[in-house]
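Should a chain be cited, it is by its letter among A, B and C, assigned in written order, with residues numbered from 1 in that chain.
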Amino acid sequence: MSALVEARGLAAGYGGRPAIHDVTFAAGAGRTVAVLGPNGGGKTTLFRALVGELAPLAGSVRVAGRPAYVAQTERTRLDFPVSALDVAAMGALARSPWWLPVRGADRSAAAEALQRVGLEAEARTRFGALSGGQRQRVLLARALVQEAEVLILDEPFAGVDPASAERMDTLFAELRSEGRAIVVATHDVAAARDFDRVLCLNDRQVAFGEPARTLSRRVLEATYESEIVVLEEDDGPVRAVAVQHHEH
Amino acid sequence: MPDLVDFLLEPFRSGIGQRALAEVVLVAAIGGALGFWVLTFGLAYGAESLAHGLLPGLVAAALVGVPLLLGGLAGIAVAALLVWLAGRDERVGTDAATAVAVTGMLGLGGVLALAPDLPPRLGELLFGDPLSARAQDLAAAGGLVVLGGLALAALHRPLAAVAFDREAARSLGLGTGRVTIALLGLVAATLAVAVQGLGNLLVLAVLVAPPVAVRRHASTPARAMLGGGAVAVVAGVAGLYASYHLEIAAGASVALALCLAAGVGAALPPRGRRALARGRLRRAPG
Amino acid sequence: MGAVPSPLDLLALPFMRTALVELALLAVAGGVLGVWIVLRRLAFFTHAAGAVAFPALVVAGPIGVSSQLAGLAAGLGYAAGVGGAGRAGRDSSAATGLLLVASLALGVVLASDVVRAPAGVDLLLFGTLLGLDGADVAASAVAAALALVATLVVGRAWLATAFDAAGARALRLPVGRLDAVLLALVATAAVAAVPAVGALLVTSLFIVPAAAARLITGSVGALFAASVGLAAVQGLVGLYAAYALDVSPGPAIAVVGTGLYACAALAGRSRGGATARAAAPPVLHARGRAR
């Protein structure tokens, strides 16, 4: 099975200096990968390299088609006058010529995508007026319109209300069964156990593999260094809680 | 009633007046629309710097006898290059580095323009003169409106996507660098054409005042652009009226009218649910 | 072709001596305040302050007010307005730009059509370094003195704020009032420089030397010294060049300044120039020695 997204010996960074190095992983159709690591450890750098925003300083990156990238919503412009429908329709830019105005077919696809994420009622609402969870779902709707084979999501559940989170979980399961590859950066070590693979990143790649075998105490401590609290249980499985730092 | 009609038509009975009207209307239409993106991408300081920095180009063109449009374009190119060079060291900061480049260019323009025996109508270069618009200036303005308008229409979706979410724009296949360069090119062309009517010190008004005037009142980029163009045209014409009836400098009069429109538009509260209210989050229904 | 004029003429001719004194004073004011302008990112603010002075100076004579007073009022009013509006993010550059344009437009309308002294426009915009009177020089002296005193008294607090505004507030520094003082000082000093170098070229002495100094020095103390020194050299060389080439001195000084910056950029290469990361300004220790 050929991978939809893979990196080999990837190093990437800014101004000629690598922020991450020796990253090697692959994900095929219907596979989900959780990327774990501390803030500043390189998750966003990796995603920028996957999306093509950063050229690799070493190694290679290969992604099938144009990946859908859902960055943290704080990176979007909240005062820009666009509605939820407009944002979803932006996904069509990956499939149709950029110099033409939005076509009817693209608009229907956007409406359908909003329905799929449960936001058809907010289609005309200004994006900045939506809650955090709703904004995240609109960006997912954009990813759906894009019809990308690979989805790359940077902490999609951060600050999201439980109802939105549940909807997003359902959506991920659907996308998975449709054969898409999903790469998700997350701080939730417990949730990472439900993914097909985990990639532990802290400037360099600490580990990549199935969660059950990879998420050992040693790996987690190497990934998060002082930012992790590891709770050992008597009957074996290690539970770990990552300490989140809030950026000011 | 005849007095009112007289009042309205009198400034534009002459060929000079008509050409001034055409120049102002054309430049205001394209500048007011493009201004939305200038404001959105935070290019006000950059545009002001390019506008001020092109002075030596204008002066050189006036001295040599070459059309001002070419001098303006050359001046912008050199100014942009110097700003880029000056800004390469991050310790100084882009705005200070830009100031270094712009001050040098303004100084060079001043040296050339104020040298004795060679006075190249410095006042008109600095403050513009719509009343001296000739057929070729109108042709340039007309060309800018047509080509600029087409470019803005074609670039509409990429500009919106890049402004809204720069990183995702890359993943959608848009070259964010190329989009920005296209926008800067449009800005440069507009500056070079508008300099004739407004002068290099005041030309910023036609790019920045209209979007400031409409930004609280427009709910989509398209509305902001059309509204900006309309406000700019109205303000520009009002400026020409003031210039004629009050007997004050035309270029400065248009610039003041534009700035006044910006002040009024920014102060008026937005009306209705369509308007752009900042930071108002609705409770999530679920 | 005549012989090249001697630099000693600068000392012999009275109006030249006045110009030299003025330039020395502006070198202090511009060099010292320039460091703060660069560190606190006030370039556009300073440029606009010069422009705001323009209409005030146009009407000063005709309405019977001294130009120093009119300029002071304009500068303080501008600083108060900016301080009141808050130095908030991205909108401020649009508003500053429009204020700059409106000031220049108002000034030229007043000069050409109200006061009817259009010839004064060029002089106010590009300076009359060789036509200054005692009041202009006195104003510059006051600006220089205030710049020095304020830096000595408030400098550490300003530096702390430049380095980390949130941290400065946590240290119970009255950041708002300190910023207001800085804005007022920069604005009024810029206005004081307008008669000499022109409303458009205030930044030639208030930003360019400090920026150039930033490229070649590492410590704060050296930064101030280099900034003032470069400003003085720039003024001297520019004045002499203007005298020798028979061009307007204000613009000549501006061109020389940018040339000095270019030299500093080349000289600073060896210290890790173009690829230098955006370093925070060096921290000032309790004893005033920079790390």
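The working rule: a contact is a pair of C-beta atoms (placed from the backbone, for glycine too) under 8 Å apart; a residue touches a chain by one contact, two chains touch by 3 or more.
Since the model is a prediction, treat every value here as computed from it, not as a measurement.
Enquirer: Which chain lies at the heart of the structure, taking centres as C-alpha averages?
Expert: Smallest offset from the overall C-alpha mean is found for B.
Enquirer: Compared with chain C, which chain's mean CA position is the farthest off?
Expert: So the farthest one, by centre of C-alpha atoms, is A.
Enquirer: Taking the mean of the CA coordinates per chain, how far is chain B from chain C in Å?
Expert: 27
Enquirer: What is the distance, in whole Å, between the centres of chain A and chain C, each centre taken as the mean of its C-alpha atoms?
Expert: 49
Enquirer: Chain A to chain B: how many Å between their CA centres?
Expert: One centre to the other, that is 40 Å.
Enquirer: Among the residues of chain C, pick out those that touch two or more other chains and give their numbers.
Expert: In chain C, the residues touching two or more other chains are 277.
Enquirer: Could you pull out which chain A residues touch chain B in their complex?
Expert: So the residues of chain A touching chain B come out as 48, 51-53, 66-71, 75-83, 86-87, 90-91, 93-94, 98-99, 101-102, 121, 125-131, 133-134, 139, 142, 146, 148, 152, 161, 163-164.
Enquirer: Can you tell me which positions in chain C touch chain B when the two form their complex?
Expert: Residue list for chain C touching chain B: 37-38, 41, 43-44, 46-47, 90, 93-98, 100-102, 104-106, 108-109, 112-114, 118, 121-122, 125-126, 198, 200-201, 203-204, 207-208, 210-212, 214-215, 246-248, 250-255, 257-259, 261, 265, 268, 273-274, 276-279.
Enquirer: So in the complex, which bits of chain B are touching chain C?
Expert: 39, 42, 44-45, 47-48, 52, 85-86, 88-93, 95-104, 106-111, 114-116, 122-123, 126-127, 201-202, 204-205, 208-209, 211-212, 246-249, 251-253, 255-256, 259, 262-263
Enquirer: Contact residues on chain B for chain A in the complex?
Expert: 40, 153-158, 160-161, 163-168, 170-174, 218-221, 223-224, 276-286
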